[in-house]
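Each structure below appears as structure tokens.
In the two assemblies presented below, subunit A is common to both, partnered first by subunit B and then by subunit C.
Entry: the complex of A and B
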């Protein structure tokens, strides 16, 4: 380090903090966006089926059909609506009033007493494939339960010699909030690390202040360290806010160690900052820097990190691509730490990947950063 | 080369890629800047001034040749050079969201000014720049002149031996310009600082101890400005012909054999002759009156370019395809403004402005930053409703018929409100459509613009890549698409090459002679000289409204027998400030 570096660095850090405090858009991205996303994903978006409207058609109503339908009404998964005939139910499905039709044919009561059992018909609205799949799953489950229950009541054994007794680990209530909210930390830190950092660097170019910084004795490394330091702290603030809300407001359990989470988040934040600074060494307009940051970091973090969509169920090619998405490694760590605990076999390899990527991007930035305008 | 030079360049070359072509910004520069004085790097926009400054500060790598500052290789030892010199970039390099004091602190930290020395240095600089009462104000809230002084203070924190100022006076009003020059002169005199200052204003050359004249990436000449101007001494006259408007006279004289330059200046035409005698074209005029004038640096520059075979283009006379009676017509008022006021919050930006502009008149609106020029201008364009008062444009009350009135206006600013990534033809088409021209009418106007402004060769090129002079032609063509009979110009030729400026004003003169009314707002005194009448504004009011020659005459003082328009302007503004304080 050159003489006077400490003074220069502290000057740069002070400047960054003053700018963050006075710039409403920095505050918005660092604190309001996380809050908004948390509330949206915590309360608004849910991948669970809850009170799904479904039409029930019994062509020959009787005690058996009534008993089965009653079993459906007992759960919070469905909001069943009894309908007199198929045409009426089909119309409701077309209008979108119901997501599925469950039909018991006229000979239901007879067939249920025969050895082959009674076939029931389920028609689902496949437009929303996710909900459709959930409806099918729940109806199958409900039907299986009802048949078993009925057999037990009659003192018979169920047809099947094997009974499945599912246990759900890590997220016993199957609340999607429990894995969405921790994953949000990755999204928020991508916003602060990559998007905000790329844009504030580009702003220095646009406003001509970069030129003025460059003719001071401050080296480019010092200028970059100033940015890195300020936005690292801002990102850590975002992390604390998100974890605090997740645990405090949304009651997501944090089963692993906070300090492990903090360490891994720091690695991820360094990688995100590295990406943001790399972008800013390539383009000098805020608008373009923002676009690139969103396309290259934010959207992949949203779609390809396993935050919403499970990586293992993606096509092989897409799965291969996800290995390039930094957020993927962090999402794996965060979801494990929150819901399962300190599972080192998951944490260590992912943390190693984060460290490598952080080194790579910061290295690229450092190599590209020259005190030259051309 | 000079052994004692503080900055020297040899065979310096630098080019940039623009629009797929390599453009040479500097094409073999050899020069030496001597210490302890102000050296001016003078040249129009695009001459290569900024590139040279950046090379000297080690911010660019040259393609060839070498540049040394303070005995160090500016390219290879750039950190050491940057630690030793002070450089103020064109946009001052201030953080607008930091206060004056915070900007000073930041740059003191970056330049390694020891903490115990700061208080004294800050006080000294704040006193020198007059910013002491504003240390808590955000830099973004300062006026243009104050920003420029703060930018200067930030580069002076460590008392550099060599100070590079890149166009410090651009976009700043004459009062602030003069204050900046006073600071620079003091630095040289009291602290022995060496200053290299670039500017596109040729009148500033006369304030430098030595000037380097840069044009299209080459050094045209180096020397003491007074000696350079003296080379054209005895060849300059003020020409008038009784009963004839100066613009008509100028049009007759421009481009004639023996006439190097003919320029409207107040009530007369300033003529530079190729020889020490009046050109034949002048002596041939009946009843002509001529008075010898002292030479200016600009006369020399134009003469120099003229010797290079360049001269202002001769222009066709029917520029707008309108044939109309010539010369200002005292009868018809085109713009009438009465009791105009505009309030922003509890601040009156415009506070009772009155004037009328006649058909075919060129009317100038001058004022310091924040005097209310821009607000007045916007109200006249119908872009901002007045808080009180009347505006009539072309007989229409702007309150009720803003759109109709606007259809008769053309607008052009030096910042070229063109779409840089559209081609020339696309820009013309767009503006034609925006003004409601369709079908044959549109095609005809586009063909007219391409022919009139010689733009057809550039048809498919993105307009952002055009040479500066052609950008300006295109902007003018776009503003004239719909044959407006009122033209609003916002600082149209500040920083433009003097030949391109003459070409531009020749076109404007020709429009005015055909009855187009022109309103100009500017800081640039050369542009003010082209006007028939000037309104000088301060604090939302008009201080004076008269012909440029009359304004100059009023400013005559015992020690100032031949005041410039800038002198007149500054006297008026200062007089108003004193009156207000009293």
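Entry: the complex of A and C
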């Protein structure tokens, strides 16, 4: 480095911080937004269906139907509502008041005593296929309990030929929040990284201050380092906040090492900031940079990162596209680091990908941000 | 007055479409996005990767495992020889599921002692784990039914017959693609409106606009029309792709659907212009756009049902226009709903649209920098 570089860099950093303080929206992006989003989503986003409203229709109510329906009551899975007949129940399903109907036909009591067994009709609202499947799973569970209980009471052998003994590793209660909240850290940091930097270079071009910077002895590399340094510090603040909330408030276990998380998060932040700087440098217009940031950050990170949809189940072409999404690598790292621990076979390849993307974006920015006027 | 208004609308379209980069941003991505996201957004698993650790050498155990090999939903990637091999395979995400048969599995099954099929599942993504477990359960249930029948055992006193309305095969794509239409429409309105006033404020041209004979209401109309036109065109194209390419059935009433679309556009554009009118700089406009768009999408019920949210958060969703539009979309597509069933969704969107548009128009003149 040439003499005076350190002084120039600290001067540039100071300029960036002053600029950040002047327009408090940057501070809001770095601290208020993570706080707001994490709280909203941490509480709001859940795939665990509880107290699912379900209609119970017994066409000939009696002790047997009451016995079966009792197996659905008293759990937090269902909020059962007895209904007199099918038309009433079907109307409730159409209105969305109930998610399913369980119907016991008039000859239920007779048929359960025959060797064929009685049919129990379950109708679910298939619009939300995932919830429908969860409801079916719950009803099957309740039905299984009822079969076992009934046989035990009669002194019979009730077990099915093969029993299923599931063991879920890393998240034994299958709490969806445990995988959604770490993923949220990746989504929120993608937004912050791109939002912080998407406009900063374009702004300097648009306002003509870039020319003013060019005539100073500071090199373009130093200008970029100044911007990157300032926003990296802001972004790290936001990151600590989200991790703190995940562990402290949402009680997601952090089984891996905090320092590995820190290291990977720094790489990720560099890649996210680099992406913003690249957009900003390439288009030189705040309006278009803002539009690209709206398009290219949140929704791809939300849908293509493995945050909620399983990447392995996507078609190969779409899987290839997910490799362009920075958040994808960080989502894999945080889900593993939080729930499974320091699994290097997952962390190293993804960290390497993050490092490559950071190098790529920062390199593109650096190449295109030469001192030139046009 | 009409020529003034037309000139203004013309100017707004020019501002959006003159820059070739901005034009590309508005026109190219929606289609690509629908195609990519349409394929990405599904909860159905394709080929669950599993490993087998079989300590049993009997025929019955092999028969059970053959059901997994023969299923399209599963793909065996490893055969394990000892217990120590399980953890590394699961940890590295090489397999999602490990099936473990104990040494006396077949003997116990023949002796009617109900042996256990142990299933180890990677729970890092709890939703995927639940779905995979359901797939396993289906295979085992069918095996049990066949076994019971073949060995003359007494079956359970009652069995479940499940039917699903509106989406007989429970394809989750039918649920998500209408949702993506709503999401992309919201995105379009944000792209067109959120930065438009902020840009003019920053460049000083908004003050010039205010001193022309145009009334704030006219400026509002001028700023609103491009969003409507672009939003309507885009939604129509996306609707065609959804029905023709992805074959999601559209069972509803087109007039009712477009009525919902117009109301949703009004509320999205209103929110975007309100954000823009509140911002002094484009940076603030962008922040505002995200602070509106991200919660609007996450809390709309797009991926996670509103019914699963705590009461307080459910109340917040009442001011989210996308929440209502998603119901319009899903009811139109899958349930074939017409005006009567959708009225409850229409009036809240109309209310949100009217409020935000009026506020934005008022702010044009009353918020000066």
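Methods note: the second predicted complex is superposed on the first by the 370 of 374 C-alpha atoms of A that agree within 3 Å, B and C clash if a C-alpha of one lies under 4 Å from a C-alpha of the other, contacts with A are read in each partner's own complex, and residues count from 1 in each chain.
In this text, a residue touches a chain if its C-beta (ideal position, glycine included) is under 8 Å from a C-beta of that chain, and two chains touch if they have at least 3 such contacts.
Here the structure is a predicted model, which means the values were calculated and not measured.
Aligning the two structures on subunit A places subunit B and subunit C in a clash.
By the document's definition of touching, of the two partners only subunit C reaches A:309; subunit B does not. Comparing subunit C and subunit B on the residues of subunit A they touch gives the larger count to C. Using the contact criterion defined above for the overlaid structures, shared-chain residue A:275 touches neither subunit B nor subunit C, since it reaches no partner.
When the two complexes are overlaid on their common chain A, residue A:339 makes contact with subunit C while staying clear of subunit B.
Shared-chain residue A:23: touches subunit B and subunit C both. Once chain A of one complex is fitted onto chain A of the other, the partner contacts of A:326 are absent, as it touches neither subunit B nor subunit C. In the superposition on chain A, contact is made by A:68 with subunit C only, not with subunit B.
In the superposition on chain A, A:140 contacts subunit C only, with no contact to subunit B. Of the two partner chains placed around the shared chain by superposition, neither subunit B nor subunit C is touched by A:58.
Within the superposed arrangement, the part of subunit B that overlaps subunit C, taken from 433-441, 469-477, 505-513 or 541-549, is 433-441. Residue overlap on subunit A between the subunit B contacts of one complex and the subunit C contacts of the other covers 23. On the subunit A side of its complex with subunit B, the touching residues are 2-4, 7-8, 10-12, 14-15, 18-19, 22-23, 207-209, 211-219, 371-374.
For subunit C in complex with subunit A, the residues that touch the partner chain are 19, 21-22, 25-26, 29, 33, 36-37, 39-47, 49, 64, 88, 90-93, 109, 112, 114-131, 133-134, 136-137, 140, 143-144, 147-148, 151, 153-168, 170-172, 174-175, 183, 187, 190-191, 194-195, 199, 202, 281-287, 289-291, 293-295, 297-299, 303-305, 307-310, 312-313, 316, 330-331, 334-335, 341. Those residues of subunit B that touch subunit A in the shared complex are 16, 54, 57-61, 78-79, 82-83, 85, 87-98, 102, 105-112, 138, 151, 154. If you check the complex, the residues on subunit A that touch subunit C are 23, 25-26, 28-29, 33, 36-37, 40-41, 43-50, 52, 68, 93-94, 108, 111-113, 115-134, 136-137, 139-140, 143, 147, 150, 157, 159-172, 174-176, 178-179, 191, 195, 198-199, 203, 283, 285-288, 290-295, 298-299, 302-304, 306, 308-310, 312-315, 317-318, 321-322, 332, 335-336, 339-340, 343, 345-346.
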